[in-house]
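These notes open a run of structures that come right after.
In the two complexes below, chain A is the common chain; its partner is chain B in one and chain C in the other.
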Partner chain A sequence: MSARRHLGILRPLPENAAFPVLLPAAERLQAKALRERGMGLPAFDLKPRDAMLLGLFLVLLMAGIAEAANGPVREGIVPTLIKWTPLLATGFVFNIAISFLAMATGTVAGAFLGLGQISIFGPVRKVAWLVTHFFRNAPWLVLLFFCMFLLPFQIQIFGVIIPLPDWLKATFGLALPVMANVSEIVRGAIETIPTGQWESAQALAFTRQQTIWKIILPQCIKRMLPPWMNLYAILAMDTVLASIVGVNEVMTLAGDVLGAEGGRTDLLLPIYSYILLWFFLYCYPIARWTVRLERRFAVK
Partner chain B sequence: MVKRKDKSHGEAPIISAKDVHKAFGNVEVLKGVSMDVDKGEVVCIIGPSGSGKSTLLRCINALVQIDRGEIRVSNYQVHTLRTDKELLKLRREVSMVFQQYNLFPHKTVLENVMMAPVHVLKENKAEVEARAHKLLAKVRLENKVAAYPGELSGGQQQRVAIARGLAMRPEIMLFDEVTAALDPETVKEVLVTIRELAEDGMTCVLVTHEMGFAREVADHMYFTDRGVIVEDGPPAEFFAHPREARTREFLSQIL
Partner chain C sequence: MQAFWNWFAWLHTATGINLTIFYDPFDRHRFAEGFLTTIELSVACIVLSVIIGVIGAWAQGSKNRILRSSIYWYIQLFRNTPPLVQLYFFYFGLGAVIESGGHPLVSNVAWAILSLSFYAGAFNVEIFRSGIEAVPRATVEATEALGFTRLGAYIHVILPLAFRISLPGLNNNLINLVKATTLAYAISVPELLWVSSQIWSDDINVPEMMTVLLICYVGLVGVLVVFMHRWEHAMRVPGFGRAAGARK
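Here is the complex of A and B:
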């Protein structure tokens, strides 16, 4: 028995040694590596449970820092936050309501704008394209300011005076970029439908309108859902811009709370972290759900 | 040639194309094509890729507008039709089946067959449903009426596409390489269906690579190459004694 045989591990490996993959996690890690390579940067893939824990940790950290900086006389941070939670909650619900309204109106308007972009009439196409790209490339805050100053504070329809409150104008201002983005989503989805569908609809003597509404658009719904939900998450977060134009939503109320607490500097960080946490808890599940839908509806 | 129920008795051809020209941008696809198809005839067009066969087919039902020339289908001057209403009347008479089936994936098989008569022809839904069931039974798919196209095999999808074309009760059916995307076994089921249609007297224009089928079923063969019809004739003569050198070259490579 030569030493060579016993110390086989010291032998040089043959040219095409293939190692069987034994690690159970290897496949998952391999898929992850492929994804990262494709994206060009490391994939930040938080599981929901980890994300919640991270959020909770951040909040507790902020509260802890503030608590430590607190003197013994004033009320604790966490009790203060809990005390003001109902008020902040009404503000947050208002934000969500604005986001729903802006999304609904923006989606309807954007759908028609998107259909306008594929119109057979040249002028319609050009106008739709212009409107879409104008509102898509304008900062949301600037559009908000425009709407606050351009829209009248009341309108008269058939002798009935209807006041336009600030939040309504802000909702309209947020609906404009939503409209432009939905227009692009719709146009993009329609363009992914194979031309064979258009051809066979034509061969069966469907009019263009019938083809779009009965054949093309129903097939587009699935494809449009993930980017649309992504847009909603962005919109939900951007509703706080309305506070800058004077709407009484959660950011404004947070400022009011700080004022009511006598301008305590130690409350600054916790209260905004608290609001951040709420938005995170609202938007993160939407983002996860979007990823799940994207995988299910992946266009092959 | 197959025994047929109806045959034209000295009538004018049901399809008559004269000197058809079509260019896509700078590429001339059809350079003066003329073709006559009688009622009840089965015509097969063969030729290499890019020779204009599919384009010619699409000119017949006005999916493609021709640049020059005339196409008459039945009573319609196809090259003059512009509005949706006029084209609707033409496309009631001419149905087309595509290579990629192009079924509507979000509708069941029955709905696919029913959609056009209900929404385009505005026929009674119950009547259309009964007719759809009969058509699907004819293509031997009566047990798949509630299935979605994604659940069917290629051959089954193609047969649904044929049933969908038949639902409009056309006089003429156009087949654009309908078996090219199928495996050899499923090719047979589709060809049997087309053969039955031909025997029932349907005027069929097929663009196909199935030479055996063409030899058996066709009444007339056309060979296109680079936008012109090089040769045409009855299949017996066409396959046995092709006149043109190009035809001989093509046939020798595929037979």
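Here is the complex of A and C:
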């Protein structure tokens, strides 16, 4: 109690106090305080996490209302969704697995393709440019069809027969556009490195290979991370395309669930909302994180 | 012309490369129809999504918190969920609700246009908003000094400048949108991919049709890229924006 008397800051603020010390926030805080005083109650301030919970709650509530309007004969919508959740979850995990595998393959291939684009050997540069732009301009779905239909169902290497299941072909089909996009990300990042870095490396007698691997690429990682994560989010969402070509992922399973429930039309809206919600809960945090990294790494 | 078509029939007998879309009038006709549908779909989606973008960006600058936060959640929801599931949600989900006597009121083409436009529109709002934010503060203050209303300033001064700043971002998004029209295949809109799948299941010429498809899409996107770059160049205001300052 006695300590508080000595600290002027801790004294309650007068009715219309300005906050000169908190300059960047002062204007906003004062505006908020004025508004709250006007209303006589604290302002409604929704944080993203709370909003997500609220969204989830609303979906459940809507499903509940739909269920109540549904009549007593058929099983309710919420119990139906809960009943099929484990099945849909295995499908979703499969989507995520496909996205990880395609991202890993595409990133490795794309990194080399991107380095090809800055090669000092003309033909390599031209071919890398052509491959990159071809796969970037082709629609993902067409590339997926391309791989599904034109890759054999098994390949034979040295007498060993390796089967190529559908999901592996789909993964390959998704990895192609990822590769092209990573290639552009790598090229773009390398171009933002000041030429002074290249020149000083040369002055220190680094070979070109050493310069790229030990000096240029490590500096690029920071710049490549936000667009790379953005690409991952796009890929994760595009894994549902595999359902069109018949891979057993979450959308295919959702179709199966609808079939198993005997084509109930009242189930259509909830089940698609449910899957949208899952993807949103997976991709939204990635997007927020990307924005934060972008801000932190922004070149001033 | 007939000799040109016949050459492909000869190519089929001589090499086995079966390009039915050239020598078979029926396939030629439906392929052309599919190509046109893809172009119509793309143009309709581009126009509608740009309109959504402009209105959304304007609403995001409004003083109304509820309007702003609902635009924010519209953007986040459409950007962070798969466009294919959105399409299914609209066509199968909402389509089943909006019907009269068992007949859907909105056709699959209309749902595809709506769904894809809302998807691309969410990106356009962000693109236009960052363009508007890049318009110099002094310019906005000048409009206030000249007595423009907020809407008037937006239409006559801010938007024309912001549009030029956001063109490169818009380019990328519109290219993605043209590629995303292939999703309409899933709800059997007779566009290029769907028509091609019909042709290759009738004639068993998957490799040929795949190659034709890829060439068509890369060509379409290529034309759009060239057109947009020309436009970007023609719209440039000398002395305004980074592009004018940094280069030349």
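The rule is simple: the second predicted complex is superposed on the first by the 238 of 300 C-alpha atoms of A that agree within 3 Å, B and C clash if a C-alpha of one lies under 4 Å from a C-alpha of the other, contacts with A are read in each partner's own complex, and residues count from 1 in each chain.
In this section, a contact is a pair of C-beta atoms (placed from the backbone, for glycine too) under 8 Å apart; a residue touches a chain by one contact, two chains touch by 3 or more.
Since the structure is predicted, the reported quantities are computational estimates derived from the model, not experimental observations.
Asker: Do chain B and chain C fit side by side on chain A in the superposed arrangement, or is it a clash?
Answerer: fit
Asker: If you stack the two complexes on chain A, which partner ends up touching A:S200: first (chain B), second (chain C), both, or neither?
Answerer: A:S200 sits against chain B, while chain C stays out of touch.
Asker: Could you look at A:F149 and tell me whether it touches chain B, chain C, both or neither (first, second, both, neither)?
Answerer: It touches chain C, and chain B stays clear.
Asker: For the overlaid complexes, name the partner, chain B or chain C, with more touching residues on chain A.
Answerer: C
Asker: Once the structures are superposed on A, label A:F100 by its partner contacts, choosing first (chain B), second (chain C), both or neither.
Answerer: neither
Asker: For A:F112, using the defined touch cut-off, is the partner it touches chain B, chain C, both, or neither? Pick first, second, both or neither.
Answerer: neither
Asker: With both complexes superposed on chain A, which partner does A:K214 reach: first (chain B), second (chain C), both or neither?
Answerer: first
Asker: Looking at chain B versus chain C in the superposed three-chain picture, what is their shortest Cα distance in Å?
Answerer: In the combined three-chain model, chain B comes within 17 Å of chain C at the C-alpha level.
Asker: Which stretch or stretches of chain C touch chain A in the complex?
Answerer: 69, 73, 76-77, 79-86, 88-89, 92-94, 96-97, 175, 179-183, 185-186, 193, 197, 206-207, 210, 213-214, 217-218, 221-222, 225
Asker: Can you name the residues of chain A that touch chain C in the complex?
Answerer: The touching residues are 46, 51, 55, 134, 137-142, 145-146, 149-150, 233, 237-241, 243-244, 251, 265, 268-269, 272-273, 275-276, 279-280, 283-284, 287.
Asker: Can you name the residues of chain A that touch chain B in the complex?
Answerer: Touching chain B: residues 194, 196-197, 199-200, 202-208, 210, 214-215, 218-219 of chain A.
Asker: Which residues, counting only chain B, touch chain A once they are in their complex?
Answerer: 61, 63, 84, 87-88, 91-92, 95-96, 98, 100, 102-106, 115-116, 119-120, 161, 164-165, 168
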